[in-house]
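Sending over a structure as structure tokens; questions will come in a sec.
All chains are identified by letter, namely A, B, C and D, in their written order; residue positions are counted from 1 within each chain.
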């Protein structure tokens, strides 16, 4: 962990009306979802029941060269995946799609989320002689699905049955020999939407920005617990689980993960972030000369703050856009100095000013402290930090990689202490009571805010909890 | 040419007080200058009179892996270079630094600019039996310098003499066995500044943002025609040519090339761009609901327009930040569609609004046309395009890669026609009379604006002219 | 298939008395076994119960760079594998070792051979919900072993039980958390031997040449059906299946696959090949001036023929030793021309001579035909081809990749016809009756000669038969 | 230096009757010459006066992928080069062909040899302002040629004039815009021959085996001092320098460098090596049971010894053929152990026998000592080493990389001492008086034997001598 938050994955699928160069569509879709995972990616294309798959470590634009795309070939259905993962050698094995060939037919699975009963399921499967090649939840899902297929009359029946065993967060797209099935867990922790393009091809994606990238129109978000079947007769919904559980879409998708140009449940992410800035302006007004955001994630909040407060918005920090995965961190320098290399101040904007500095969240506090120092060195007279999220106090078991509690600064310090630690003149976090109004989506919606308030909607095994959060 | 403008190069140099891991400093400096050239890069380090050099095609973060940096080793002096270049196999040969070992000593040259008498010089040298391995100007400079060194008593004397032969734009850093010499041509077409860090190490760079990246303080810009010598006795200036010619710093550095957090001649680039937006607001007022910029280069202008007009600033377009050099362009799709993949609209901001859309320049018009279409599809009622530069009408012979005249839309169409072609409701270019006031630098300054008005400060050979600009 | 024969694999394992840089030992061992498989390779090291594995497509010297070897780290046990495999994308997944982490402990398997009941076993496992990531037999073995471990009190008990289910050819090395187990199927189709070095470390390998490469002394070949357990108390044999089935070591290991410096069952491979040449000289004497071998596999036979016949031995053909996996085959030229690029004649040896040309086998006949033509062009007056194997008439189901029957020239033509087709003056194949005497090993031994005579020792499913051999 | 001898280069050229996929022909030619240099390679193709070049570090089969070959494109003329070079970063710059574009036309040079007046020429050129990018002689040749072209009426005139300045060893092929010129220095130190194929295309190559590889017939070796011009009117010889100097073809080409299937000056290399073995049998007879060669270079000598002595020839050592450039040498093990990994004994051949072991040369003695030990461990009762060359006592200034004198064992020890050091029972070197009769070529020929007897045919500067040979 490096003091940053990581989404685990993005998923994408296409069910086309006819065979064409479908891998290119998935390529563009994954490229639009790259912000959800930069470690590995993969595409699986189905042509006449045969699955052609390529997956590897690297960005979409690195892994999918023209030669590779051509080797995958054309098809009528396809799924793709981008993944953030832990470092190390194991990465390649854990890349998705997970493709299974079995006597009941082929299956390619892409998954965004995290099962909370993975350990229990895996132990049970192992006792029945199952063996695992990866350490990812997705292989467990593949096993459960396979077991159900052996005693089901259709793929969709198997999917619905399998959902009874899976607990936690999962947005899945599963490609079978003749159909594509999209699934969202009963709480709807992770987003998943679908759309349609001019040819009548169905597109499924984690976020609507990926539909835009392939010129498809958003139809709607899947409902929590919904199973959508895409096959030659079109799309149909199996709503067995819909509405039976409390809806709990991850609020942090709105605050940080999703792209601002995406729309979830009818609500613009950009709008939610403007709202966060507005709430901060109302709750923590300050006499200042300029509002600046930490690029890229603090920009929207800063504009929201500026509009609500009337203080002008400015560009105070420039982010180096050539930062790559292979960028070398200096051996002798600490992480703080990496901030300096990525960010530089626009002295013109800041010098002699009282500055409101908006960022999305604070994890360990080292990054924001260094950012404050950069702004201070550029001549700011005062620096008022505003954070578009409440303090992180709890782990996420639903697919977000939050630091262990001992690293989370808000677990051990008051807001005043943190303000002093980061060298700010004042510090304001978004108040928890605003979280539900943040997105401002039409209709009634409830959100998962467990990382801020500890209200988990599923049972979390005590030991699992410890493993995930208290470790190093 | 792809309808975009390209700066040719960025240069960086260090003269340290003692031997240390100097390649890492150059690495960070080049990384900050990466926007000036993404095709190739190189570093040459001098340790005890021995030059260790590595250069290759690729981004700084790709070419300089930890192993490579270690293999270059420590040293007391170093120079580095980033380069935009033409495509093709020849790229690797043209990468810089150009390193020459000669009986008069070693020499490593990095160069930003373009000689206007390259053909004449090269012909003359060839008639004397010189042979050229590359097609770059820098090799010509190396020859001229070598000829002068044979009849000079010092490296700086050779540099001053060589300058009499070189016409056109050149900002150079030349590493000799025991000193570093920085040179700016007599018109000062390309920027070059120097600074100093806490250890007393001197840093020379194309832009001040690279000094910030290595925690050095900007001392000042080199004067046009100035030669600065860095050696063990410190820094001294040889001003033989200073002030003898008309200063002609490239105005397009302010409009587009330089990073907004850089300062040239005491003037912030960001400030110049805010100014451009302000002039546009004054010259082309419009009744609108929102001002948006085309990221990243139109952002500053949009904020300037918003402030001067009172129309709110908003985020209307999101740029995919994972675009890589290897990104595949769709075989069957045209360049216009690539815009869609790189840019997506934030419907929330745009829908139902009258939009002012600010961008930095128009080359062929296809890119802006597609951007206008994206904004229109997102529901804009009106779209008023404002460009922070005058129309391109002439080639640049001083280091900027502008399309051939037959491709430049402003050479063949009126503003009204272009407005119609790109599908905008109105179109306003920055007026030429504002160019000199744009930077707003302290003191008297004059600029090269030849690409807009055709006023070249040096003799341009008729045939050369033809080669460079009328060809395809 | 390219008209050549391919062994499937080579295996190697080490059980050391203490922890050390064990991956290097496996590296040297695999390097000595590289002739048994050039497509992929892998090493798994066990250190304190943790398995570190690296495997990839490529030669041992390509895949295992110093960085990779260091990343695997030191350990006390290790297994390694080289593999010949089919072309295509699937290769990487099928690379070995297959590593399984399971509640009963870790397991890394390397395998040389081919199961004849793979389809039956896989179907059964799939009906119980097992899913397969690879198409290799080794994953089936992993499943069967895992099932048995769940109901066994020790790893060796599980191995012995699992052997009851596995039919066909398998020489295995299995690394568990605290022991290494080596297994040879009850017929002993594929070789497997072990040795010991000066430190008392045990080494297991497909061939004794790999023991030599790591300075270990050969102890002996495993018996057919033997299970050897290597753990901290030393080595012990579990002979449950030994001697219960007819021994059927692959005779083609002696003729072609094994390295001439290896010793199997106390018999030198080189000696067996000299014998083959001797039998040919006795059965097909000819009045000739020189005996030459097709390098490298015909050399030993040629020397044997020369010694028995008294006709001088000479070097008549030179093989280009830089042929690589990536060598380009000419687009417009046929396979025959590739022979010319790999082989060139020594005219000095051949011109004006009556030549005996010895090669190891004939598959499609195109390669030998082209070789004969090269010898003819170099001036041979007569060419008498002698083959150190009988004609190929049947498929191999025990781990050798022989062409489909429709491609095998001996299935469709008489020896006389083949002689004419290849342009030889006479042609003699090794007589089948000599096969059993070929190795000349001490003690009683019987061999599998099914590819020549069709006598299979295990049941071969009719459909499986068809798939493997009659297809293209 | 690693105790082995290295040839510097191989050259290849084609002048075709029409345009075709000529790079493929050069590819096959270079592939056949790979034994002359494995560090880097390059091809330059001329199509309509335009030169397309690709060169890089690596083997021919690695550097020239199908994509690269296609990118070079078709043409009517081409030259290629393989190079052995020193290690390190500089390698890529020194790769050939050296391509020069100049006002007098293009020029691509490939070179095998070594100039003995390189330092003098380079100093002179530098004093005239020339700058050098590489450290190779070939760049000096390019300069001299360019100077001469400026005052010559034709390319061939320039070549003939340039030869007056060049001293030492050089076999060159030079591609101009419309002709190919092949040159051999006046002593003829390095081989160079030409041939013609069925289409009437001319092929020039370092060795005849490369003509065979492209189905061309050898016409003849170039004469010492000969200039051959290939252009649209065919081939013509300019014999200005022919026969004016003593012929001094390198004798070590016959002993070690050239491929045994090559023919130089009408004499088979294989034959020369058989002769060497015969001389050794006559001069150093011994009572023994078997003659074996160290593969691959001692094999021919061993057969020669066997034939002359009547002692049977056998295969006693097997060389691992998968040794690659990237093969890792063990950190903790010495070079001696690398021999063990590359070579393994065939115990069957050696055990209990009195062995004659034939190798081509002894440099430092460590390699042969280790080989003797391997043979001893395999059970040899006696080992009689026979070397098909006299002792190395002097440096080579004509293109062979021989170790410095302090490393050469024969400079410091008697034959008896060396025999004892390497653990042999007897040791015999080829007697110097046989060197001239070794090749047995038709006609009168004299050879350069300076490395054995110190008789240099050109002036060697005292300081140069020191640099080259006494250094480390």
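A few comments on the model shown:
Criterion: a residue touches a chain if its C-beta (ideal position, glycine included) is under 8 Å from a C-beta of that chain, and two chains touch if they have at least 3 such contacts.
Quick caveat, the model's predicted, so the values are computed rather than measured.
Each chain gets a centre from the mean of its Cα atoms; the one farthest from the centre of subunit B is C. Between the Cα centres of subunit A and subunit D there is a gap of 61 Å.
The distance from the centre of subunit A to the centre of subunit B, each centre being the mean of the chain's C-alpha atoms, comes to 36 Å. Computed centre separation for the pair subunit B/subunit D is 49 angstrom, with centres defined by C-alpha atoms. Taken pairwise by the contact criterion, the protein chains form one closed cycle in which every chain touches exactly two others. Every pair of chains that touch is listed here: A-B, A-C, B-D, C-D.
The touching residues of subunit A, counted against subunit B in their complex, run 21, 24, 27-28, 31-32, 34-35, 38, 59-62, 64-66, 69, 209, 212-213, 215, 259-261, 263, 268, 270-271, 296, 299-300, 303, 307, 312-315, 318, 320-324, 326-328, 330, 340-341, 344-349. Taken together, the subunit C residues at the contact with subunit A in this complex read 52-54, 71, 89, 99-104, 123, 126-133, 135, 142-143, 146-147, 150.
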